[in-house]
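One structure is given below, encoded as structure tokens.
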Amino acid sequence: MVMLEANLDDMTGETLGYVMTRLLDAGAFDVFFTPIQMKKNRPASKLSVLVAPADREKITALILAETSTLGVRYQNWHRTIMKRTFEEVETPYGAVHLKIATYGKTKKVTPEYADCAQLAQKCHIPLTTVYQAALQARKHQ
Amino acid sequence: MVMLEANLDDMTGETLGYVMTRLLDAGAFDVFFTPIQMKKNRPASKLSVLVAPADREKITALILAETSTLGVRYQNWHRTIMKRTFEEVETPYGAVHLKIATYGKTKKVTPEYADCAQLAQKCHIPLTTVYQAALQARKHQ
Amino acid sequence: MVMLEANLDDMTGETLGYVMTRLLDAGAFDVFFTPIQMKKNRPASKLSVLVAPADREKITALILAETSTLGVRYQNWHRTIMKRTFEEVETPYGAVHLKIATYGKTKKVTPEYADCAQLAQKCHIPLTTVYQAALQARKHQ
Amino acid sequence: MVMLEANLDDMTGETLGYVMTRLLDAGAFDVFFTPIQMKKNRPASKLSVLVAPADREKITALILAETSTLGVRYQNWHRTIMKRTFEEVETPYGAVHLKIATYGKTKKVTPEYADCAQLAQKCHIPLTTVYQAALQARKHQ
Amino acid sequence: MVMLEANLDDMTGETLGYVMTRLLDAGAFDVFFTPIQMKKNRPASKLSVLVAPADREKITALILAETSTLGVRYQNWHRTIMKRTFEEVETPYGAVHLKIATYGKTKKVTPEYADCAQLAQKCHIPLTTVYQAALQARKHQ
Amino acid sequence: MVMLEANLDDMTGETLGYVMTRLLDAGAFDVFFTPIQMKKNRPASKLSVLVAPADREKITALILAETSTLGVRYQNWHRTIMKRTFEEVETPYGAVHLKIATYGKTKKVTPEYADCAQLAQKCHIPLTTVYQAALQARKHQ
């Protein structure tokens, strides 16, 4: 996996928000901003983009086109990933997909955010209520 | 004392650095940035300016002229301040002014940053060395 | 204008993102997060919500329902606001609305983000290109 | 409730961590740090302390004694608080106290962090497992 | 030295604080959080853990067990370290260990935080007073 | 290009500001601070310095001399850089140098901050006004 980074002290927050969406649409695994402090009292944002090695050049070109930076630095990172399977459970508010991740003895169950958010709005109940219901539904099977 | 604030998601770090200097030159007690996160994935900066009540309108006008905000919010704060006197001590590297602040039983001695920085560069020694020397010089009097 | 705040060290980023959208939909002027550091080594988020006084109770209830906080603090802030009018200009990429803000001698022209973002995607050109085109179009009238 | 604040650009992180503990021990409701950017390229910390009005002077004196600041600003905030009752539930790992908070139609159940952390370490299981078990235990009663 | 990292937008501050302690107890050189901004308006925390290469797998397993992440990225860093020796000095408040670090012509003296904090509380004096006393005690030898 | 980093929880903001200037004067490409949270409730700053490989040792020695850290970690990063040429344009307020950067089809025009800031102060007009004037001046040639 490749990490691409650029320090941006001559772009607005509006344009950065726009660029995040463009990068995610272009296939980046993850895009995140870190608040940093640069020279001459400049509050700035460090743009970090995690991509597959095959996408490095395409994403580099997108960063150079859409941001104010004149250079992009990149670096290879190794990764340890959990195995993932999916399940679906019925909650009083509707169906929710669960991500089941395993790594050795460790097993983690994570309700899909999108499903929970959709049901929370449809049923006018707090997001955490749907979230908890999904976790409990799985316990009972 | 009055606190003026504005959330800025449509200005660059370069311009913010420039505005900080203008505001300090215009008489603000203190100017500082806080990294915040605004809507639509926008990394932004909250500008905070501490001014005397008499300067509120002048500084408000400067903020509205020099930044991208269309509004400035303000609020009165009370303040508890220590009494301050000044002393000068001789260190092996040169003279340093000390701020002596008192509040009830509490007394604090703070070497003036500007003096220490100037001597550190002149004598090619770390800033903390000058700082410590100033504190020790006072102990010996 | 009323500022509502709550320090949140027992909520996830996912839920905070969800709550920001709910609060904006419910009529808050502005909603923003500030990264803070709380006791017991807890990285947390300070939620800040700017509302009209008439909406304080409704928004307070929404915060208490949708977040993990057991209390909301609030505070009145005064505001100085620029007068705003709107114009529309034709750019080579399409029409863009401009916000024209005035305050005494100060006049600021800000292209509407939404128009610029839409045209940038439609014409596959960087956002700043549309932004600059909108500013120049007005210069020529 | 009173909010006390001071901007600190001449103190170390070590001393700030020490001061947080002293302030909490001295009865502050909440103490938190906000990363800010001050003049002359100084990364700094804003210290915020929430206290009962009766404690303002005592806590102000402690801040002036234990930190490098020469002044403390303070401001009154109003607060809307949920009603709280406590329950205890049995989980497979041991007993956990639950905070039950209500506000109008809203009801929130929060397992006590201290109980969960203690059981998680005793039973060598992840904290969230105990947390979830406590929430489910209540569902079944 | 190996740097392990994970971006966490689906964990609470409480759990992050707990995990920091577990990781330090498990032998990590250093553990720190960086406030970041992830997609969908999510305020998040980047967890960074510095470990000896031999501990990479053990610490990776702990991160996957105790946090919500489904993957951990890691990277080798080289290090330049100062030689360290220890001294002990007597101050008016008690004994304090000093770390003496050298690198070429550079020599730095750092009073042990733990000793200073303990004496500051025992003698009810500010931490910086003990700290300064320790530095001065060494000057006199 | 080499990235040098150190986590600093035992230095003041004043000294960090001083060190940034020293490092830039010593030839670092870029120096920036990131607010981080370290153990024992310590708000800290991560110092990041981008240097040419040939300068690594010189800059490492400067960091070890001027900061409180006892070690510096470093890492090689690759870089993709845009080609740069310079132009000068006449604006109603004076001459401004423009950086013209190209990468494949992408071309970006950036007015030199220093020129704009100087003219903005000389003519008592907002920085952005000079900035926009420089961009428009180029359009007309």
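Per-chain numbering from 1; labels A, B, C, D, E and F assigned in written order.
Simple rule for what comes next: a residue touches a chain if its C-beta (ideal position, glycine included) is under 8 Å from a C-beta of that chain, and two chains touch if they have at least 3 such contacts.
These figures come from a predicted structure and were not determined experimentally.
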Task: Distance in touch steps, counted as few as possible, from chain A out to chain F - done: 1
TODO: Would you mind naming the chains that touch chain B and likewise touch chain C?
DONE: A, D, E, F
Open item on the list: Suppose chain centres are the mean of their C-alpha atoms. Which chain sits farthest from chain A?
Closed with: B
TODO: Look at all chain centres (mean of CA atoms) and spot the one farthest from the centre of chain F.
DONE: D
- [ ] Could you grab the centroid distance between chain B and chain D? Build each centroid from C-alpha atoms only and quote it in angstrom.
- [x] 28
Open item on the list: Counting only Cα atoms for the centres, state how far chain D is from chain F in Å.
Closed with: 37
- [ ] Mind pulling the residue numbers of chain E that touch at least two other chains?
- [x] 10, 14, 20, 33-35, 37-41, 43-44, 65, 68, 75, 113
Open item on the list: By the document's touch definition, which label belongs to this structure's chain graph: line, ring, star, complete, or other?
Closed with: complete
Task: Complex interface listing, chain B residues touching chain A - done: 8-14, 16-17, 20-21, 33, 35, 38, 40-45, 68
Open item on the list: Touching residues of chain A toward chain F in the complex: what are they?
Closed with: 5, 7, 10, 34-40, 44, 46, 60-61, 64-65, 68, 70-75
Task: Touch list for chain B against partner chain F, complex - done: 14-15, 18-19, 35, 65-66, 68, 113, 117, 120, 126-128, 131
TODO: Sort out for me which residues of chain D touch chain A in the complex.
DONE: 35, 37, 39-41, 43, 132, 135-136, 139
Open item on the list: Which residues of chain F touch chain A once you look at their complex with the stated criterion?
Closed with: 1, 3, 20, 24, 30-35, 48, 50, 75-82, 84, 99, 101, 103-106, 108, 110, 113
